[in-house]
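The two complexes that follow have chain A in common; it is paired with chain B in the first and with chain C in the second.
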Partner chain A sequence: MKKNWWKIIAVLLVLHTVIAGFMIPVPALNILHESIRNLYFHVPMWFAMMTILFVSLWQSIKYLSKSNIQSDLIATQAAQTGMLAGTLGLITGSVWAKYTWGAWWVADPKLNGAAITMLIYLAYFILRGSIDEEQKRARIAAVYNIFAYVLLIVFLMILPRMTDSLHPGNGGNPGFGGYDLDNNMKMVFYPAVIGWILLFVWIFTLKVRFEKLKRKQLFNE
Partner chain B sequence: MNNLFKKVTFLFAMLVVSQTSFAQDNASVEMATGLYQSGKIYVVVAVMSVIFLGIAGYLVMLDRKISKLEKK
Partner chain C sequence: MIGNQIKYLVIKELKLEMRNKYALGGILLYVVSTVFVSYLSFRKIVTPATWNALFWIILLFASINAIAKSFISETKGKLLYLYTIASPQAVILSKIIYNSLLLMVLSGLCLLVYTVFIGNIIQDLPLFLLTLLLGSFGFSSLLTMVSAIASKANNNFTLMAILSFPIIIPLLMVLIKLSKNAIDGLERWDLNYLLVLLFLNVIIIALSYVLFRYLWRD
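Let's look at the complex of A and B:
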């Protein structure tokens, strides 16, 4: 129980997000209306994705220096959990776009960048699947994973900011952090980000523990 | 002189038009006030809380199962 305290915090913070996210008043803004509350759910998905993919990157670098296969296992599971968060982020963003911009998908640098990022990580799994030998697979995948995270930064953080974009916080648009995010919203948004990140980290650790058990069983047989 | 008069009138006309378009900004933004007045937003909050607590409970269950396996 001692090492599980952060899981309780994760559940409490997300529960706070669900309750306060709907109850606390939000600024009345054109186009957004009540949909501004999506900020508590859509944006944390991407924060969670970036955090967990960073863990994946870190484990890949660790694998390259120590050649411990456990690091490779953790990196894979982190990449998978990151894709779960990213997929949810894409879908929720698409729904939000439909009711504010008028289309499920627009050819916007931020949206396309997010989609390309997902494809880059999809290729990571395909690359893994195509190599049979364990050490070789781990090494090549680790190198690719480092490139993948660099490309993620480029496609999600840099390119959308250099051109025009509909998405808030890009291409000269103010992010929600500017005048839209009043103090009420901050009281929900910051806990939401931490809560969702912790929740996805929890799912990720469960996946890692499960895979380690599976591996152990494989060697015992 | 006539030209200046035209320009000034035009300027004022534009100012008036822009005033009304600014006035539209916040007064008429549709929010779910009905949902809050009737209190039915609590229903949504309750449903979301149940779903989330269900997922959290499921994660706790998985966590315990894995812990049990790890002890073996």
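Let's look at the complex of A and C:
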């Protein structure tokens, strides 16, 4: 119990998000209307993804300095969990865009950033798949992970400054920053971010434990 | 010390290239043929956005083709010998320098053939050439590193493309923006984008410098 308190918090916060997110009144804004509730689900996915991908980066750096295969295992599982969060973020965003902008996908810096993130990590998995030797695979994949993550961060920083964006929170569109978010929404949004991040960390730790057990079984046979 | 190593390694690359000229000839012909195919399908292009996009796409594919061979063609024994006499940093930096020279020639030729066939609509040639120069350098540093990664895995060529496309996009977008300005002759010498381009180049080279030593030892 002492070690698992944060899992209970995760469940409670996500429950709070789902219940309060649909029940508590939201400000009546043009265009957005009730779809503003997507904020509680869509935005935390990206926060969770970046958090988990950062864990992946950190473990890759750790692998290069210590050459411990456990770090590589954790880095892979983190990248996979990050992609799960990213996919959910894309789906929630896409459905929202269909009803608000009228299209599943539009040319927009935020969306392009998301797409490139997915492409980078898919390429990372293909790279892993094409090397057989374990230590070599771990090393090469770690190098690519670090190289790609740094360039991705740079890209996410410079891209929005190059073109205007339709996305809420950019180019004068209402978003979750500053005056757009009333106190009711803040009461749901901040717990939602923490709750979803914790939930994804939980999924990630489960995946890591599962992989470790699989390895153990492999060596025992 | 490292400067000396880099100098000799670049000379080595140049000599090797001169020794079998067909590789260089092949990649130059690749550019010319691609431009000609585009010319037959597009005829003249007068819309700046299309002109620009097609130019960079041709150059991107040609660059990937040109640089993919930089590590793939090295045999295991040759690499081993190289690593006993030079530091890994010198190896990657010399490859980057040599490849950027190669890409400068390649992009110069591409521009020449492209303007002859598709039409010349550039209004600010100095800015366009500067963009091309910085672009060659950026492409070469990023693709050299990716080719080092891809050469360690088995199915090299596809891997080279899928590994490099997503991470080359930031560079490509800044380049397209800058060369669009040069074509339109507007916003002369927008320093912001040039600085971003330099910044990207510096980051890529710093990353290659730090990470390459983990790649080569097998």
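We adopt the following convention: the second predicted complex is superposed on the first by the 207 of 221 C-alpha atoms of A that agree within 3 Å, B and C clash if a C-alpha of one lies under 4 Å from a C-alpha of the other, contacts with A are read in each partner's own complex, and residues count from 1 in each chain.
Convention: a contact is a pair of C-beta atoms (placed from the backbone, for glycine too) under 8 Å apart; a residue touches a chain by one contact, two chains touch by 3 or more.
Here the structure is a predicted model, which means the values were calculated and not measured.
Peer 1: Which touches a greater number of chain A residues, chain B or chain C?
Peer 2: Partner with more touched residues of chain A: C.
Peer 1: With the two structures laid over each other on chain A, which partner does A:Leu64 touch: chain B (first), chain C (second), both, or neither?
Peer 2: After superposing on A, A:Leu64 lies in contact with chain C but is clear of chain B.
Peer 1: Touch check for A:Val106: first (chain B), second (chain C), both, or neither?
Peer 2: In the superposition, A:Val106 touches no partner, neither chain B nor chain C.
Peer 1: Just chain B (first), just chain C (second), both, or neither: which does A:Leu84 touch?
Peer 2: After superposition on chain A, A:Leu84 lies in contact with neither partner.
Peer 1: With the two complexes superposed on chain A, say which partner A:Val95 touches: chain B (first), chain C (second), both, or neither.
Peer 2: neither
Peer 1: Identify the partner contact of A:Ile9: answer first if only chain B is touched, second if only chain C is, both if each is, neither if none is.
Peer 2: A:Ile9 contacts neither chain B nor chain C.
Peer 1: A:Leu152 in the overlay: touching chain B, chain C, both, or neither? Say first, second, both or neither.
Peer 2: So A:Leu152 only meets chain C here.
Peer 1: Let me test your reading of the model: by the given contact rule, A:Lys136 touches which partner, first (chain B), second (chain C), both or neither?
Peer 2: second
Peer 1: Residue overlap on chain A between the chain B contact set and the chain C contact set?
Peer 2: Touching chain B in the first complex and chain C in the second, no residue of chain A appears in both lists.
Peer 1: Quick one: which bits of chain C touch chain A in the complex? Just the residue numbers, please.
Peer 2: 145, 149, 152-155, 159, 162-163, 165-167, 169-170, 173-174, 177, 196, 199-200, 203-204, 207, 211, 214-215, 218
Peer 1: Spell out the part of chain A that touches chain C in their complex, as residue ranges.
Peer 2: 64, 112, 116, 119-120, 122-123, 126-127, 130-132, 136, 139-140, 142-144, 146-148, 150-152, 154-155, 158-159, 162
Peer 1: With touch defined as at the start, can you tell me which chain A residues reach chain B in the complex?
Peer 2: Its residues touching chain B are 4, 7, 11, 14-15, 18-19, 22-23, 26, 28-30, 33-34, 202-203, 206, 209-210, 213.
Peer 1: Quick check on the complex: what are the chain B residues that touch chain A?
Peer 2: On the chain B side, the touching residues are 25-26, 29-32, 41, 44-45, 48-49, 52-53, 56, 59-60, 62-63, 66, 69-70.
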